[in-house]
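Look at the two complexes coming up: chain A is in both, with chain B in one and chain C in the other.
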Partner chain A sequence: MTEEALKDLLYKIADDQLILGHRNSEWTGMGPLLEEDIAFSSMAQDKVGQSLAFYTLLQELGEQEPDIVAFTRNAEQFHNCQLVELPSGEYDFSLIRHFLFDHSELIRFQMLAECPVEEVAQVARKLKGEVKYHVMHANTWVKQLASANDEANTRMQKSLDYALPYALGIFEASKFENDFIEAGIYPGEKAIETKWKENIALVLEEAGLKLPNWSEIKPVYGGRYGKHTKHLQPLLTEMSEVFNVDPTADW
Partner chain B sequence: MIHTKEDILSLLKEVKDPEIPVISLVDLGVITGIEIDKEHVTVNMTPTFIGCPAMDYMKSDVVEVLNKHGITDHTVNLNLKTTWSSDLISTEGKQALKKFGLAPPPVHNNMIEDLDILEHAECPNCDSTETTLKSPFGPTLCRSLHHCNNCGEAFESFKPI
Partner chain C sequence: MSEFLNSLDPRINRLSIPVEFGSTFPEKDQKDQFITFEVFVQPKVSKAYQHEGIVHAPTDEMAFLFAKEQFSRRGMSCSGIWVVRTQEIQVSPITEDGDNIYAYINEEIMEGATTSESTKYQVFHLMKRGKQHVHVGEVEASSPEQALLHAKNSFASEKPVFNLWIVKDSLFMKIEGEDFQDIWNTLPDKKYRDAMDYRATEKIKKFKAEQNA
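Let's look at the complex of A and B:
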C-alpha cells in the first residue's frame, strides 16, 4: 500500500472528527439541559483532540503541521463526509447525527485497532474506548427521546429520515479501497457499512424508530473527494477566525 | 550519578494530576515505563484521554521534577505505545480519589458494553450504591455525573475506560 493511500484514509478520519467536533461545540452554552450542554461540549473536546492525533500522524508522513492543515485549507480540500458539516439544527438532528456517525466511528476504530501500521493501530486502540462513551450516550438519548411522546418520536423520525442519505455518505468508497483490503489495513468501507446497519437497527428498533428500506435511499456522496454543501465554508471561516488574526502567533 | 527505576518512580510520586491534585501520575497509571541507560533517564507516559488538556502540563511537570532533583540527562515521551486504562489506577490511587470526593472507577477488564457499568457507582460520601447516573460526561473528560438516592448528594465518578 502506498503512503498516498494511507494519507487519504487518515485525512478523511481526521476531517470528520474536526468538523463534527466543531459542530458539537456549537451546543456549548446552548444545550437543552445542563447535562447535554456538558455532554456535547465534552464530545467536541474529544473529537477535536482525536483529530489532532490523526493530523499528527499525517505530519509524521510529511504533511504540514496540524494547525496549518486544520485552519488554512478551503472547503474543497477537506475530505469529511457531508453528514458532519450539516448545520447543527435542532437538538433532535444533532442527536441523530451523533448517533449515526459515532456508531460508524466505533466500528472503524475497532477494525483499525488491528491495523498492521502500528502507529495507526495505537491511535485506534486508544480512541475506541473514548468513542464507546459517545455511542453509549447516543443510544441512551435516542431511546429516551424517541419513546417520550408522539411529538418527540415524530421529530426524531423526521431527523433520522433526513440524515440517513448523508449518513450513507460516510461509507463513500475511497479510490484506494482495494489497496486497504489487500494490505489488511482494515476491511474497507462496505464492511463498516454492513456492520453499522446491523448495530443501528438494534437500537432504533428498541427506540421505536423506523428504518426505511435501504435500497430506497440514495446515498449522498462527494465529501470524500472534496465536494461539499454550502455549509462547510462558513464553518471553516468561523473556525479559523482567531487563527487568521495572527497565523504566526505562538499559543 | 546513576539512578535506579525505583528512585525515579519515588520522585515521580511528587507529580500530581493538575485537575485532580490528590493523585500522583504514578498512581494514575500514566507513567508506563522508566528506562535507565547509564546516566540517561527515559520516562514514558501515555494520555488518559487523547483530548485531555492536562497532558501537556503533566509532561512538563515530570520534566520539572526531574530537573529539580538534578536529573538533567533525560527524555520524557508522551505516546500511545501503551493504551491507558482506568484499571491501571493503583489501589492507593483509588483511595485518594474517593477521599477527594470522586467515586473511583470500577475494574472492567475491557468489558464495557453499556452504561450499566456507571449506573450504580458507589457514593463517595455515604458508600451507598443506590445511585443514579445523570450523565456519562462531567466537568472533565474523565468524569461522569451521578446522584445519590441515599444521602441526596450529587457526586462525580472517575469513568471506567
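Let's look at the complex of A and C:
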C-alpha cells in the first residue's frame, strides 16, 4: 500500500471529526438541559481532539502541521462526508447524526485497532473507548426520545429519514479501497457499512423507530472526493476566522 | 422542631431532608424539573468511591451519561461511577462539633423499623464538614436502621463521623469494571480542560517587556 493511500484514509477520518466536532460545539450554551449541554460539548471537544490525533499522524507522514491543515484549506480540499457538514438543525437531527456517525466510527476504530500500521492502531486503540461512551450516549438518548411521546417520536423518525442517505455517504468507497483490504489495513468501507446497519437496527428497533428498506435509499456520495454542500465553506470560514487574524500567533 | 433539617446553607434547606431518619422525601405536587441523582466517582481502583455531586435526569441511564461528563471530565484517571436517585439515600442526622454520629446509634433505633429480606447496603461517611461523603464499605441488613447499627459495628472508630448515608446496594446504577475502563482512557490527555494548562504569565511578561522597550 502506498503512502498516498494511507494519507487518504487518515484525512477522511480527521476531517469527519473536525467538522462534526465543530458542528456539535454549536450547541454549547444552548443544549436542552444544563447537564446535556456539558456532555454534548465535551463530546464535541473529544471529536476535535481526535481529529488532532489524526492530523498529527499526517504530519509525521510529511503533511503540514495540524493547525495549517485544519484552518487553511478550502471546502473542496476537505474529505469529510457530507453528513457531518449539514447544519445542526434542531436537537433531534443533531442527536440522530451523532448516533449514526458515532456508530460507524466505533466500528472503524475497532477495526483500525488491529491495523498493521502500528501508529494508526495505537491511536485507534486509545480513542475507541472515548467513542464507546459517545455511542452509549447516543443510544440512550435515541431510545429515550423516541419513546417519550408522539411528537418526539415523529421528530426523531423525520430526522432519521432525512439523515440516512447522507449517513450512507460515510461509506463512500475510496479509490484505494482494494489496497486497504489487500494490505489488511482494515476490512474496507463495505465491511463497516454492513456491521453498522446491523448495529443501528438493533437500537432503532428497541427505540420504536423504523428503518426504511435500504435498497430504496440513494446514498449521498461526493464528500470523500471534495464535493460538498453549500454549508461547508461558511463553516470553514467561521472556524478559521480567529486563526486568520494572525496565522503566526502563538496560542 | 421542624419536620426538615434546618441549615444555614439554603441549598440544604431546599432539599427538604426529613429530620427523622429513614423517612421518605416529600413529593412535590408538580415536577418543574427532572428528579436528581447523586453521583459517586472512583478516581482509581485502589481508591474509595466519593460523592461528587448531583445531576438532573429522567432515568438512571441518562444520569450516568450526564455524571460522566459532569464529574469525571478532568483529572488523571477514573475507574467507575455510581448513580442513585437522591430520594433513595437514607441520611442520618448531622452532629455538631466533634460529636460522633455513631454515639447516637444503638439498638433503640431498630424499634419500629420496617424489616424485609436481608440485603446489601452501602455506607458513606462524612468525616469533615464541607467535604464529600466517602464510601467506607457495605453491610448486610434487613432494614436501613439495622444497616446503621451494623455500620457502627464495622466502621466506627475514634475519629468522629458527622453524617452517614446508607443506600440499598441494588438501587445503584454502577458503571465500573473491565467492560468500561476504556471510556476514561484519554482522560490524562485532556489537560486543556484544566486552567493549569494555560500558562499565560510568561507571555504577558514578554508582551509587557516588548511594549516598554
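What we mean here is this: the second predicted complex is superposed on the first by the 251 of 251 C-alpha atoms of A that agree within 3 Å, B and C clash if a C-alpha of one lies under 4 Å from a C-alpha of the other, contacts with A are read in each partner's own complex, and residues count from 1 in each chain.
Heads up, the rule we're going with is that contacts are C-beta pairs under 8 Å (C-beta built on N, C-alpha and C of every residue); 3 or more make two chains touch, one makes a residue touch a chain.
Note that the coordinates shown come from a computational prediction; the quantities given were computed from them, not determined experimentally.
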Checklist entry - Putting chain B and chain C onto chain A via the overlay, clash or fit? => result clash
Checklist entry - Should A:194 be classified as contacting the first partner (chain B), the second (chain C), both, or neither? => result neither
Item to check | Partner chain(s) touched by A:49 [first = chain B, second = chain C, both, neither] | outcome: both
Checklist entry - Is A:122 touching the first partner chain B, the second partner chain C, both, or neither of them? => result first
Checklist entry - Taking the superposition as given, does A:144 touch the first partner, chain B, the second, chain C, both, or neither? => result second
Next on the checklist: Tell me the contact category for A:35 with respect to chain B and chain C: first, second, both or neither.
Outcome noted: both
Next on the checklist: According to the stated criteria, A:133 is in contact with first (chain B), second (chain C), both, or neither; which is it?
Outcome noted: both
Checklist outcome for this item: Of the stretches 74-82, 110-118 or 200-208 listed for chain C, the one clashing with chain B is residues 74-82
Checklist entry - Which parts of chain A are touched by chain B and by chain C alike? => result 35-36, 38-39, 42-43, 45-46, 49, 126-127, 129-130, 132-133, 136-137, 140
Checklist entry - For chain C, which residues are in contact with chain A within the complex? => result 34, 55-59, 61-62, 65-66, 68-70, 73, 181-186, 189-190, 193, 203
Next on the checklist: Quick check on the complex: what are the chain A residues that touch chain B?
Outcome noted: 35-36, 38-39, 41-43, 45-50, 52-53, 122-123, 125-127, 129-130, 132-133, 136-137, 139-140
Next on the checklist: List the residues on chain B that touch chain A in their complex, please.
Outcome noted: 47, 49-53, 79-81, 83-85, 112, 114-115, 134-139, 141, 145, 159, 161
Next on the checklist: Under the definition above, what is the set of chain A residues touching chain C in their complex?
Outcome noted: 33-36, 38-39, 42-43, 45-46, 49, 126-130, 132-133, 136-137, 140-141, 144, 250
